[in-house]
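Here is the structure we will look at, set down as structure tokens.
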Amino acid sequence: MNDTASQTFLVLNGPNLNLLGTREPETYGSVTLSEIEASSTAHAAQTGYALDFRQTNIEGTLVDWIQEGATSAKGIILNAAAYTHTSVAIHDAIAAINVPVVEVHLSNVFAREEYRHHSYVSDVAAGVICGFGPHGYILAIDALVGMLRDQS
Amino acid sequence: MNDTASQTFLVLNGPNLNLLGTREPETYGSVTLSEIEASSTAHAAQTGYALDFRQTNIEGTLVDWIQEGATSAKGIILNAAAYTHTSVAIHDAIAAINVPVVEVHLSNVFAREEYRHHSYVSDVAAGVICGFGPHGYILAIDALVGMLRDQS
Amino acid sequence: MNDTASQTFLVLNGPNLNLLGTREPETYGSVTLSEIEASSTAHAAQTGYALDFRQTNIEGTLVDWIQEGATSAKGIILNAAAYTHTSVAIHDAIAAINVPVVEVHLSNVFAREEYRHHSYVSDVAAGVICGFGPHGYILAIDALVGMLRDQS
Amino acid sequence: MNDTASQTFLVLNGPNLNLLGTREPETYGSVTLSEIEASSTAHAAQTGYALDFRQTNIEGTLVDWIQEGATSAKGIILNAAAYTHTSVAIHDAIAAINVPVVEVHLSNVFAREEYRHHSYVSDVAAGVICGFGPHGYILAIDALVGMLRDQS
Amino acid sequence: MNDTASQTFLVLNGPNLNLLGTREPETYGSVTLSEIEASSTAHAAQTGYALDFRQTNIEGTLVDWIQEGATSAKGIILNAAAYTHTSVAIHDAIAAINVPVVEVHLSNVFAREEYRHHSYVSDVAAGVICGFGPHGYILAIDALVGMLRDQS
Amino acid sequence: MNDTASQTFLVLNGPNLNLLGTREPETYGSVTLSEIEASSTAHAAQTGYALDFRQTNIEGTLVDWIQEGATSAKGIILNAAAYTHTSVAIHDAIAAINVPVVEVHLSNVFAREEYRHHSYVSDVAAGVICGFGPHGYILAIDALVGMLRDQS
Amino acid sequence: MNDTASQTFLVLNGPNLNLLGTREPETYGSVTLSEIEASSTAHAAQTGYALDFRQTNIEGTLVDWIQEGATSAKGIILNAAAYTHTSVAIHDAIAAINVPVVEVHLSNVFAREEYRHHSYVSDVAAGVICGFGPHGYILAIDALVGMLRDQS
Amino acid sequence: MNDTASQTFLVLNGPNLNLLGTREPETYGSVTLSEIEASSTAHAAQTGYALDFRQTNIEGTLVDWIQEGATSAKGIILNAAAYTHTSVAIHDAIAAINVPVVEVHLSNVFAREEYRHHSYVSDVAAGVICGFGPHGYILAIDALVGMLRDQS
Amino acid sequence: MNDTASQTFLVLNGPNLNLLGTREPETYGSVTLSEIEASSTAHAAQTGYALDFRQTNIEGTLVDWIQEGATSAKGIILNAAAYTHTSVAIHDAIAAINVPVVEVHLSNVFAREEYRHHSYVSDVAAGVICGFGPHGYILAIDALVGMLRDQS
Amino acid sequence: MNDTASQTFLVLNGPNLNLLGTREPETYGSVTLSEIEASSTAHAAQTGYALDFRQTNIEGTLVDWIQEGATSAKGIILNAAAYTHTSVAIHDAIAAINVPVVEVHLSNVFAREEYRHHSYVSDVAAGVICGFGPHGYILAIDALVGMLRDQS
Amino acid sequence: MNDTASQTFLVLNGPNLNLLGTREPETYGSVTLSEIEASSTAHAAQTGYALDFRQTNIEGTLVDWIQEGATSAKGIILNAAAYTHTSVAIHDAIAAINVPVVEVHLSNVFAREEYRHHSYVSDVAAGVICGFGPHGYILAIDALVGMLRDQS
Amino acid sequence: MNDTASQTFLVLNGPNLNLLGTREPETYGSVTLSEIEASSTAHAAQTGYALDFRQTNIEGTLVDWIQEGATSAKGIILNAAAYTHTSVAIHDAIAAINVPVVEVHLSNVFAREEYRHHSYVSDVAAGVICGFGPHGYILAIDALVGMLRDQS
């Protein structure tokens, strides 16, 4: 692991999360992904961590980035969005690395369609945080910090 | 929405549709995707619309393009092929935009394997046209034109 | 096949479609079945076809009419409504005849109750058109005309 | 709604209920459908309502009558018998009208075969009464009277 | 039971069986329903029974006829065709009468679609004969004759 | 059975029914459980019966009370609320006693979540009344009175 | 095929059928398997065929015998009893040979436990006869004779 | 709501959580429920809230307490343990109140038995936090504080 | 573990077992739970063990008692009755303790309703004894004695 | 029943039980089937019964032996091993005889693979004993002795 | 293990494989099982191994032979044919021995009936080879040789 | 097909296979994908074929490469890893080309999670090889060589 990794969390956002805030504000609120990045980065800084914050619509790119996080980061915060429910590839990537992954969802997926109740991420994640909107990213940072503190 | 959008339909084709006509002609006929593009473009022109006609084998690229269509087109014609049956990501992209999406399939998917009977596209599509071969694209254009005429 | 058949499409409407327009206009719109018959007949006339337009609430009568259409019509447009989801008898009638049947639904059945997602009509239909409201009948006529043109 | 409607309940009985009393008396008791009609009519008269009491073995005829009841009656009592478990058409007819429908079953359908545990009527009915034998029709009349009293 | 009943078998044929022989001869053979009636009637006559041979496409009419058979016939031969797989009403009619019902199918339904593997008729039928083509009607007559001989 | 039993109905209410009227009045109406008790008691008195009206949030207490009702009451009216769908223990208690139990639900459970469509109470209840709001308790009293009258 | 084959039907009986008649006579009647063999043999003789009548409790022996029947008999009558519902091996043996196999069951398996409703024999059998008791073997002989007559 | 409520969070722990720490330390760690209460209370105090921390093995008592929390607390943290997966009663209690409920689990339930993957709590909870051990209670307090801050 | 524990078995009986013998004697026999306690206690005494014999209708009380048994007894005999099939809480309590638990059922639960075929107790029990009536308690005592003898 | 039968229990062991003790001792212990036979025989002798102890890998042989036990033994102890979960033939053999059958399993099958949770033996067995290792055979002997004592 | 074992592979073939080549050559090719034995034996000889090549239609005999292979062979090649999909007994035999078992199928079972997609052999086999026809036996020999080479 | 194709096999590896050897060596062994490429290439060279060996984490890229293989290679060896279980797109690509595809898996997928037991690749693959680790690639090369030799 390189030096930067010891001070970085990788924050990965999946398909359609780039549309946050600019569309369907009545449902998803008016906060954009950039604003989540800004507030999360500020909060992380207070805990002594930098964030590497990314978004992609491609499943395989999430796999690439999770693999990359194994050496570039101390922890991963993953909001895989729709791929949460369909991607065995992401499941396998998480299972293959040693860095803790915290699963985050903005909305309460359990109150939505049946097919969103199953997650291929959860059983290999360190933990799950869901339903708290943008605040979930803050909680995930705190969860990672707590976990790393316990291990050291 | 920019000016071009008011005169454009985005036509998106999913995995393996690039093989149309050149392979398995006994099953899929001898019409190529290029020929479908040509005949569809000609028909659209008669109704006053241009077509932006594309194909990709990558799920995330379809998500990108659907998002793009939200501002670049008046309507989307989507033949998601195999991703129709597995992609929650495409479902979410369609749900996130306001432009009407018409789902098209060349073959009668309901007369094929069980796993092709479910579509993640249908419940967020404006409508579904399936089983009419290349002619389905013509009908989809007419459907979009009719829909836009009713709204105006 | 008699002479009239070569110029006629049989349009069959199933249970409760006689209530269209006069009830629940907020859901089904204010267009009545008579108005659909009128606009469809006008459109068909432009393509050189007459329509034999009927409605019944009885499953067996739909079976009778589909059998009749085998000799009296060049094509059948079938909106079997509720029987779509429960009638093996209608499925068998369609399978037994050589005239192409186009399945039409006014609403997007895939966005409704789970039990409306399966159709006993689809796998023996020539094609399916659903979700476009009354305009779906126009598209079905065009689909049949296109199909017959290709065959001749 | 015509004048008679304001004083009439339509009582609809489905397949095989015409056999009541004359067959399998050890199971269904010795009360005939005519006797149920007589006792129900007498009870309804006490509450100020007339009954329009009918039986048919044909699913589509039940659909016809339910539609008819929308204008000819203040309420409908429906014992759809076997069609309860298979008829989406009856479900749709009830959903299409504004007159309250009370679902009645003579036997306790929940103590019988698995396929009798689901009803296509229940979720669109105003309420369900089951297992009380012929007395269920009396209770259904009282239920309708109570409902109409609350609304007025 | 009237006098004729003691010498009559009721033979009931369900939806689309009227098309036998004239359509899809490669599948169903070239024997028409009339020819089956003729050969069956001849065979029954040898055993001392007359046949009352009917066909309908309407589920409720089959229910009517089964009820009628309770007093007009010594036994019923029922080929309910598509309604075999969907009709609880026919199941209940058979359960309500004391005359033995023999279920017949021309084709081997167990070698066809999954939804044809379940029969609502079988568990209340005296027995089942399937897969022997028109010869199945002859076997059903013999089965009924044998059953009645054993009871007397 | 003691003397009081011959004049008493036990009315048992399950979890969260104590909240009726004071919360979510837009859904459950403004009638409280106390008011239901009052109106039911008044109606029962007219039929010559007293009510023993109770509520608990504990499954086992409902089992206790049902057992108690076997000797203390002539009939039981049971609105087991949420435990309806999960309690085999309540099912067994009802099956173990000889006093008739009428199942009541305020709302139409069949129009709610899938897991509310199954009842462990129904198949051992004398009958079911559901969807009529507070009036259901009145109907249940009448049902019990009718049942007891028939038996005497 | 040897000479005897042209005049022989192989009749194969599966597990526990050797107990017929001597046990549970109230259920299975008092007819023994030997008596069925005797009456069947007599009937077959009238049609010009000898019977090779056997019973075993071992699945693999039934497979052996079915294979043997391919050359030693003109047709096979198979009552596989319990193995009907579990044996893919018997299914494959029947599929591998060209001699017609008629499936016979004494009782109406469709009126028994759920797991007896599926047969691995039916879809490869020429036809099925079930529910007629010992008479079913007579009908099966007639069915085979009819089939062979049609082919010659 | 009384005055204390504005400064109190109710923390409810379900069956077997009283055994934490003293048993199976290799699985659940050596932290006892008392220690979780202590650390949670300390953390809550820093945010200006008191905790009302309880444990019970009885489902109905959890229902009682959730109802009580509607007026006695500003938010509820619920670790329903085993009842999470079986209790519709708890689901209904949460749905009936207006106070936000945060669902917490010590272990990652999604990595355990299939029947622990479904929660009757999640779809009515404000959010879910799972897999972070005792630290999950701290995160839940922060989540509630954040939620209340956003609303004020 | 205290001194008494080394000589005591805890025998826990779930809902409705208090009704044994006094009700439905044709089904459950005329032996009461008190008589089972007496005969079991006598048998246990011969093996050198005392019994702590209890019954409750409340799921959570069974959980309490199982936890208590962890220190008060050498083994637990558990007839959880209806809760056997629904209680994850009881499952978790058994999994949390080190004392062996023998599951007992009076009746053969596998010959009853489908939902009684699954037990949440079995996979964490030391063993299962079912179908032997009151004698099952004697066998369970012997099983525990044997188990403890093997361990010492 | 012959004289020996009145003093004999038949003990039948299914596939792979001949490997006990010599293989996988860490899982199945070091006790061989011969040792189980020896200890069981000794215990049975104390109760006045001889054992006829057998093992086979062939399903049909188990059927043969169960049938044989109907006259040669007073009771049968059956460990059908793998055939427990797949053999309808063994189920039918047990159902066909009047001698009580006790089902025994060495391991706790309910804590193993899902497909071992269902037994075709249980619902026709007199009772089930599972999870107690070799001691289960001793308990089964006692169970049979107790059963026979109650009947005499 | 005896001396021969170190140089022998046991090749076991299940039901109906004795019919290979002589029947249905259009499906299974014209290669007989004897020819497969010959070519496999020749290939094995080149790798220094002898083959013990057998076929049976009896499930229990396959179990016997697998047990025998534990001491008589260095590896087992198993084509269990139909028993692949139904035999827990064969599964258990493989699990009980230490010799590696390679599962072979001539046809691509995954392209056939649904019930052939599950194998009770696969999860305890060392590996699976399917779809390559007779060549699969050659590959299985090479696979075993490779495995043994890696271990030595 | 170009000249190179006649001497090349395309070897495609899916998501996370790039991590082989460097991570989780206790599970996947210490062999890297590069080493597999080296040993496979050497083996292929001996059979006269070159390998075009690739890896990607993106589903659509696998589709691209399979299409490319249709003209660039004589055969394809496909280890689709996680996409095996979710990708209809890969299924369709294989079905669309004429080059034989051999499915390979390093681990025994049938001994892992339920969702890894289904493969969208298998039914369109020429054959399947699984569970043999890196040696599986060698076997797949031999399988392709054998297949091509048989065809020529």
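First chain written, first letter: the chains are A, B, C, D, E, F, G, H, I, J, K and L, and each begins at residue 1.
As a working rule, contacts are C-beta pairs under 8 Å (C-beta built on N, C-alpha and C of every residue); 3 or more make two chains touch, one makes a residue touch a chain.
All figures in this text were calculated on a predicted structure; none of them were measured in a lab.
Listed by label, the chains touching chain C and chain K alike form an empty list.
Chains making contact with chain G as well as with chain H: none in this assembly.
Steps from chain I to chain J, taking the shortest chain of touch contacts, total 1.
At the interface between chain C and chain E, two copies of one sequence, fewer than half of the residue numbers in use appear on both sides, so the contact is built from largely different positions. Between the interfaces H-I and E-G, more contacting C-beta pairs are found at E-G.
Once the centre of each chain is set as its mean CA position, chain F and chain K turn out to be 64 Å apart. Spacing of chain J relative to chain L, judged by their CA centroids, is 49 angstrom. Touching two or more other chains at once are residues 58-61, 86 of chain L. By the contact rule set out at the top, the touching chain pairs are A-B, A-H, A-L, B-C, B-L, C-D, C-E, D-E, D-F, E-G, F-H, F-I, G-J, G-K, H-I, I-J, J-K, K-L.
Across the complex, chain H meets chain A through its residues 108, 110-111, 117-119, 122-132, 135-136, 138-139, 142-143, 146-147, 150. On the side of chain K, the complex with chain G involves touching residues 14-16, 18-19, 23-24, 56-61, 81-83, 85-86, 115-116. Interface residues of chain B, counted against chain A in their complex, comprise 58-61, 63-64, 67, 70, 86-89, 91-93, 96-97.
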